[in-house]
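Shared chain: chain A. Partners: chain B in the first complex, chain C in the second.
On to the complex of A and B.
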């Protein structure tokens, strides 16, 4: 076969395989829409209706501003819960990650256990943990805190393992070769190389947890989520909308702050 | 008395890949020995079998009469303090300063507590400073390592190894990532260390010409076996062919036909790189 014909054939096959890919994706979407009885026309009209409702009913009024101190208090409670859960999780994750990382693990048995535990914690969503923990701890702050703690520990352990393996591999070899012991290596090679990246992950988890704490609060009856549900169920939509506004502002605020901190430490 | 004795050392990875087979050699005090050979010949494995960063599959390694391959963990740490290691990629903690990285060389002598707290006494700190100054890094002492050039980083690596007060340095491709002029600085320092401080240097090299110029003795390794062991003067095109195979031999031959005066360092390294 001539080289030109060969390349022509190659590109024809390329075209056919991408076309086939698009057709498959199209069929998959149509099929699932049909199975779930998804009506695209109705989706658009109800979305417009929802927008309309948002603007006419769901906005803060002057009298809802009177609720601001109470909302602020609950918001602060929620933020503190998110930070507490994240910091506790960070401590546990640090230990789990050092045991679970390829670079610093003590042996493969504990390494596997640590990574397995993190995987289980991570793969149950925070809401799932909240529902499960409610059986043992009932409604309240502690259930929400533990749910966030579990999920965050799973997530941070994974992130910390990646950080340790990515940043300290070679210096660990050097220190071990010089006769330094395990704890020396952790303290002088692993921690200095990975702490800034770990801090960045912790900040990210605080942001995420402030959002999640709101949701968990609705389930476990604590923090700003509880207040939201109270107003919403009682048809005080104006108060409820003020809460949403406050949450958005706080989340943006925390994100900005942590970006500033990141810029300094990284 | 030999400082280092390697007796019948073999290393087999995953029960099938033979990296070293029955290597035996002795190295005396203050010797400057280069190990040359093609990539994958087992040079790095050999070096790491000496300080047991890799455990040999069989054979024995003696260092100052200690049988290294049978030492318990604690004794092994003590022996490792006597053996400095220098790496191709420097293996520094980039976020720390030059000074901190050099002081890491003292950790092997410390108790867990003193080491974790990072307590270094004034002797250690002065010694660290003096070594850095001797290597021409007095301006860089408090800079972070990620601000240094490759050649400077390698000098920090050497300083860290020297602060161990070692009897021997293991250098794994110390100039493979450096430009010719930094390479020369590093090799000159290593030579001075071996001559003036009487520290044995075992250096893995890719560049045959560098090995010939600096070594007291060259060891050629191919497929995990020693195929040459002798002074640089004994290196002939035939020997090069035995170490590297036929293709390389022609490139290096052309290098040898150059007059010594015409050998610019740039050309030498280029040719040798091509050969490897």
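On to the complex of A and C.
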């Protein structure tokens, strides 16, 4: 075949495959829009209307500043809840990850069980856990805490397993070869080499959980989510906007702080 | 037994331990503050509820077909959000990549998407519901915000990993910005883009479930909310949970498969 023909064929194939991709995506979006009765014209107009409303009406006033102490108190409660859920989950995940990792597992049976449990925990949405736990614990902080704990355990176990598998292969082998027992291997090879990365995941989950706690709070009546729901339903949009501002400050603050810590420990 | 000399002072170790200790301290403090009357009874109740929920799950107010219809709606919400979000993020991502756009522009866009990401999805949805009304439109718009922000960050990071020589060579040949984007940037980063988009689709499915439950977006999330919050039927909650787990596990494993195939 002539080189020119070959190039033409290459471009023709590429054109066809990208055309096919676009047609598929188009069909997919049309189908899903039809199912959810999504009206794109209405979406655009209401999007513009909402932006307009956001900039002209959704801002704190002097009155809403009086609510700041209360908002601060609920925000602190939410942050504590996020940290507590993450740390408890980290403890459980550490055990599950050591059992579930290819490098450190006791045997494949427990390994599979541990990974299966983590998979179930993380594939139920946090809101599902909140609804399920409400049956036993009613509305309140414990329901929120446990809902976050369950989901976070699922995520952290997966992250920790990847960390252990990725970082401690050679040192584990070296210690094993020198006759160290299982606990020694964990304590002196696995933990030192994976702890910084695990810490980084913990910091990330704390940030995520502050945001998720807002969602869980709306459903379980706790923390900052509860307060937002209260102001929102009562149409006190100025107070609600103050909450949004506080959340932005807190989340970006946590993100900046964790990035600083990450830079030092990694 | 011989003593091993102590390791020299290590700043990162000290920080790691301090942060860990601090967070553990906060956790213990919170747990002590938490008043939980008859916690052991409630935990026993929870265990019992779990058993009933997952061993005697049934459909009562819902048929299997309606459940699957709910799943289809929730998946559609996730698809729409992901597609619109990916389109927006592709444009913003190009302008946020350091090797494709001026420095001042990339930092503006990066801080802008960080700001968007700081606000929880549910708040975006509720904010838009004030003028659009609760429903699928508000949910899609609200969820799109987070999707754009997340994908802009990951897309721009993939663009930044392109070898600088490629872009330089094209620029040297007199290629315009659009030509560089379409001939070099997009083709080489197609695989990471696809895999990030699919990961976001997975996240958006769970988000869409949550928005159905908390913001009236419909779908399986709303069914879950009705079974749990309205009918108080935890056996049905169990059944719906099974459905959600099944779908999101399928999505998760296809995402892993996709990642594997793209890396080859």
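As a convention for this text, the second predicted complex is superposed on the first by the 250 of 266 C-alpha atoms of A that agree within 3 Å, B and C clash if a C-alpha of one lies under 4 Å from a C-alpha of the other, contacts with A are read in each partner's own complex, and residues count from 1 in each chain.
The definition used in the following text is that a residue touches a chain if its C-beta (ideal position, glycine included) is under 8 Å from a C-beta of that chain, and two chains touch if they have at least 3 such contacts.
Since the model is a prediction, treat every value here as computed from it, not as a measurement.
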Name the contact category of A:12: first (chain B only), second (chain C only), both, or neither. neither
Is A:196 touching the first partner chain B, the second partner chain C, both, or neither of them? both
Which partner reaches more residues of chain A (counting touched residues only), chain B or chain C: C
Looking at A:124, would you say it contacts chain B, chain C, both, or neither? Reply first, second, both or neither. second
Tell me the contact category for A:70 with respect to chain B and chain C: first, second, both or neither. neither
Using the superposition on chain A described above, determine whether A:176 touches chain B (first), chain C (second), both, or neither. first
Just chain B (first), just chain C (second), both, or neither: which does A:46 touch? second
Which parts of chain A are touched by chain B and by chain C alike? 196
Mind listing the chain A positions that touch chain C in their complex? 25, 28-29, 31-33, 35-39, 42-43, 46-47, 49-50, 53-54, 58, 80-81, 83-84, 86-88, 119-120, 123-128, 131-137, 141-142, 145, 195-196, 199, 202, 206, 211-212, 214-215, 218-219, 225, 228, 232, 237, 244, 247-248, 251-252, 255, 261, 264-266
Would you pull the chain C residues touching chain A in the complex into a rising list? 11-12, 15-16, 19-20, 23-24, 26-27, 29-31, 33-34, 36, 39, 42-43, 45-46, 49-50, 53, 72-73, 75-77, 79-80, 83, 114-115, 117-123, 126-128, 130-133, 136-138, 140-141, 206-207, 209-210, 213-214, 218-219, 221, 224-225, 228-229, 232, 234, 237, 241, 244-245, 248-249, 252
So in the complex, the part of chain A that touches chain B is made up of which residues? 168, 170-171, 173-181, 183-184, 187-189, 192-193, 196
What residues of chain B sit close enough to touch chain A in their complex? 51, 53, 77-81, 83-85, 87, 89-96, 100, 104-105, 107-110, 112, 115-116, 118, 157, 160-161, 164, 170
